[in-house]
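Should a chain be cited, it is by its letter among A, B, C and D, assigned in written order, with residues numbered from 1 in that chain.
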Amino acid sequence: MNIQIANIIENRSVSDQYFELVFDYSNFDSEPQPGMFFTVKIDGAFGPVLRRPFAFSGWNPKQGTASALIEKRGNGTHWLAGLASGDTLDILGPLGKAFSFPQRGVRPLLVAGGIGLGPMLFFANVLLARSNQGLCEAPLLIAGFRTQSLIPKLDFPAGTLFCTDDGSTGFKGTVLDCILSLSDALPKVIYACGPSPMLAALARYASSLALPYEASVEQWMACGIGACMGCAVPMTDGTYQRACADGPVFNGLTVDWEKLV
Amino acid sequence: MNIQIANIIENRSVSDQYFELVFDYSNFDSEPQPGMFFTVKIDGAFGPVLRRPFAFSGWNPKQGTASALIEKRGNGTHWLAGLASGDTLDILGPLGKAFSFPQRGVRPLLVAGGIGLGPMLFFANVLLARSNQGLCEAPLLIAGFRTQSLIPKLDFPAGTLFCTDDGSTGFKGTVLDCILSLSDALPKVIYACGPSPMLAALARYASSLALPYEASVEQWMACGIGACMGCAVPMTDGTYQRACADGPVFNGLTVDWEKLV
Amino acid sequence: MNLTVTIGSLTMKNPVGAASGTFGYGSEYEKLIDVHELGALYTKAVTPEPRGGNPVPRLAETPSGMLNSIGLANPGLSYFISNKLPELQRMGCSVIVNVAGKTQEDYCKVVETLETQTGIHGYEINISCPNVSHGGLAFGTDPGIVEKLTAQLRSIIEQGAAMRKDSCRPLIIKLSPNVTDITEIARAAEAGGAHAVSAINTLVGMVIDVKKRKPVLAMKTGGLSGPAIRPVGVAAVYKIRRAISIPVIGLGGITCTDDALQYLLAGADAIQIGTVLFSNPNAAHEIIQGIWQYMETYKINSVADIKNLLE
Amino acid sequence: MNLTVTIGSLTMKNPVGAASGTFGYGSEYEKLIDVHELGALYTKAVTPEPRGGNPVPRLAETPSGMLNSIGLANPGLSYFISNKLPELQRMGCSVIVNVAGKTQEDYCKVVETLETQTGIHGYEINISCPNVSHGGLAFGTDPGIVEKLTAQLRSIIEQGAAMRKDSCRPLIIKLSPNVTDITEIARAAEAGGAHAVSAINTLVGMVIDVKKRKPVLAMKTGGLSGPAIRPVGVAAVYKIRRAISIPVIGLGGITCTDDALQYLLAGADAIQIGTVLFSNPNAAHEIIQGIWQYMETYKINSVADIKNLLE
């Protein structure tokens, strides 16, 4: 983990609301793993006081680049969307805990909701590579979106299932509906990133089947490195964990989703 | 006076610290006159709460453009310097009172200090045009700078005298030294824009010779249109006038320069 | 759908007012915007005598805010009546005269005199002024003084109304945030007979120019306004709303519809915009439209119901 | 040239400290910056018992600032002593323990216990906590309570020093800006025997999510920090400096050298940085360098002389 002024290698729109930011990662001190994130300082002169956190969506050690999939939400992400190759970014990373690898012989189910796609795509690609080496089974990625126009124009692993709320493409319904519709086999382990209501629904599902379940949680952050206790995530045992340092990936069965909002 | 979202036609560096901003003026409701100014909103998303005031440095009714010479000082002007043709600006203008025209037969002396050049160049060009029509004498422009590298690469009226504090070009010394060195004839009327100490020195000089003297004064502004009383300029009679609405051009002999800082 | 707001006997056509000191007496803005669209125009403070105001500089910019030390510069009561009031009367919006003074008598004198005039729809009492007969601490910091001043002004306007055979003009006490417990002052104003309170006035602040090695403002400290103080204002209104039952007018750092809605949800009956007018004179228009849309979205009939939407 | 700062018996190597609550107990930042460069590290508040902190969300962003309602989350006194103190002792900078509590006894218990420990260089008493035995208003709003609390803590540390046969650790009272007259509270701290005061803690603020129609923070209000409050902090320090003669430690919205210099010129003997660390962890280093350069430019030998440069 360190801070670098990184060059933007590429910044391009990949769907209606999403863009892919690729930046020089050659000067960072450690490798990003799926589930980890970084924070970006927004707009030098007049920017807001908090950095913005984004999950890694990929890492290319040969080219020395890393990437994130970003949704245009407020001022910060709109500002980011306006940057181009050649601009620089003040980046702090890699931060947080990654997803753990599935056991051999268990087909991992990866579930992404909306912009939660970034880390799941990264994880899917890493698992694919591992499965090619015989280290694990090939993953199944299920990616849900409100509507077709949000689905980014990117390479997805073969067999990826798409769902849309409005049925404009793929399965019509939520990712959970889609999982329930999988006739062939019940999932054995679930990894997910997406909006909290989706993660909570998956937690209920995983819990009902006693499936291992890891979820990457979003919470407002200040320091991003575990010092300020701002990003607390409520646990079922009544304690709080820090999204930035103890997460963002948690055992989804131990998160108190009700209290997380 | 009105507010327009104006297209930037050209924005280019003209010296070490100065740039010339040219923008579409075709939609404004009245003509800018030398000494008048406009205010610009800085950086939509995260900008400061106050607009930035700049004097007009030119107006081209045929092309429907107006311009300003701007010095890079703080965040606002640096942000402005980064804009390019095609970007838009939120502009309020024209504001304030202009210089009055000299009587016929009196050669007007125009004095500019640093970035005070903008309005004086505008005025010089307007007076040149009038003198070509026989409406007044051709003006003499004296422009002072700290050093040569600040002098903008622009067209100056023939006969313009340049002074630099460090003697790197032209007359070595202040604009007042330069005036005092003019052997041919004493000035009959002075118009000036520049740093307050320069304007104050000219006031002492003009007063000692009982010369008419108009000075364009800088003062922090909030509303820019005369409503808030923030831009008060202290007068020798103990009252305050508003730089934005009663000025920025004042009878320089009535300004209380001591109290203006 | 109904955008009107009722404060005492006064009905404002919508909840958006221009804050005192940022809008002059309206005439300057007439060239830029439709002043008659405003729910209310709160004038620059009026004092008994003309005041030139403070030495310069009077302004400083701060992160997401600004400091001002205008010093209640105003042409005085007589000039106000003869020159500004006629202008105000043709603005087409409710005119609330902001009143300031150094002593209790000053406030009374201004209100008493204005009670003989027409075309005034209410008074906003700026109690952030230093109280000379009380060691210079602002009037607004002492609940006892606030209640007494309010009661005295209330009785003056009751008399005025009786004389004019008219309903009593609303008395709005403008609260200072520079106190330990703003609800205590709000309660004092209510107890004294205020028809409403407005909150917040500016926070005390200072900027030092490190190159010149002196405060930027000639008066050293000034009043902090703008988005920087919005969270302080929203918190104040939220607490005041739960402490008193007269209407609350919220202000401080409002720049757009969402900011205005924060105040309305927090419990404000109306709002004012100040500093934003300097960068966006059109803000009132935009916010009025925006509130209308919000009410449509949530199917609310009256602005007063927005506060009930807060969970 | 001398960057050291003296507070009571303590000499800090430079005037730049990391503010309580923004720097944890230092270990997280060790990976990013040279923590030993700091003049002082003010720990996250320590309370007698462990505290999980407030419900979530605990953070909200505001214009040039942020709200937090962490709620004094901390592992409690015993865990602090066994696990955090050893870490702190190897940081290589002065360690000031920030102390909080719900009752006067809480504060006394923490300080009393820590007096038996080594590796602590001073105490900063967070009197912005709600005082349960006093209706929930913060300790720091009542000069009488502040003087009494300060005096009691002073006597505890005097005894501790005697027992340790060591000089007395400095007692720093951290003032809340949410009061009518902060100089009154500063005078009470001085009268009670404080070695220094620090100012300011956060302002009370609130943000409402107009789409969700509820306050963003689970606790509704939170503490406003960051550049937005800097003018309030500078004004407070300027006034406090002229009201008391013990050292003043300035904080609130400092992001860079110029901001720090504003506080030092206003009269602060040292400064702290908080919120800026979230966006720029390297800020302390930059500010220490910057103050050094300023002193060179103005040919000043001691940080303490910067305040004399103010005209």
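By our rule, a residue touches a chain if its C-beta (ideal position, glycine included) is under 8 Å from a C-beta of that chain, and two chains touch if they have at least 3 such contacts.
Everything quoted here is computed from the prediction, not taken from an experiment.
K.L.:
Going only through chains that touch each other, what is the minimum step count from chain C to chain D?
P.N.:
Tracing touching chains, the least step count from chain C to chain D comes to 1.
K.L.:
Compared with chain A, which chain's mean CA position is the farthest off?
P.N.:
B
K.L.:
Based only on mean CA positions, could you tell me how far chain A sits from chain D in angstrom?
P.N.:
37
K.L.:
With chain centres defined as C-alpha means, what is the inter-centre distance between chain A and chain C in Å?
P.N.:
It comes to 47 Å between the two C-alpha centres.
K.L.:
Cα centroid separation between chain A and chain B, in whole Å?
P.N.:
It comes to 54 Å between the two C-alpha centres.
K.L.:
Which residues belonging to chain C are in contact with no fewer than two other chains?
P.N.:
Within chain C, residues 60, 64-65, 226-227 contact more than one other chain.
K.L.:
Among the residues of chain A, which are close enough to touch at least two other chains?
P.N.:
Residues 47-48.
K.L.:
If each chain is a node and each touching pair an edge, is that a line, ring, star, complete or other?
P.N.:
Shape = ring; chains linked end to end, path closes on itself.
K.L.:
What's the complete list of touching chain pairs for this entry?
P.N.:
A-B, A-D, B-C, C-D
K.L.:
Which residues, counting only chain A, touch chain B once they are in their complex?
P.N.:
Listed in rising order, the residues are 42-43, 45-48, 75, 78-79.
K.L.:
Mind listing the chain D positions that touch chain A in their complex?
P.N.:
For this pair, the touching residues of chain D are 21-24, 28-29, 31-32, 44, 52-53, 55-61, 64-66, 68, 70, 73, 226-227, 275-282.
K.L.:
Can you name the residues of chain B that touch chain C in the complex?
P.N.:
Listed in rising order, the residues are 1-3, 41, 47-51, 92, 219-234, 238-240, 245, 259-261.
K.L.:
Could you please specify the touching residues of chain D with respect to chain C in the complex?
P.N.:
Contact set of chain D toward chain C: 60, 62-65, 67, 137, 141, 178-181, 203-208, 210, 212-215, 220-221, 224, 226-232, 234-235, 238, 253, 258, 261-262, 265-266, 294, 309-311.
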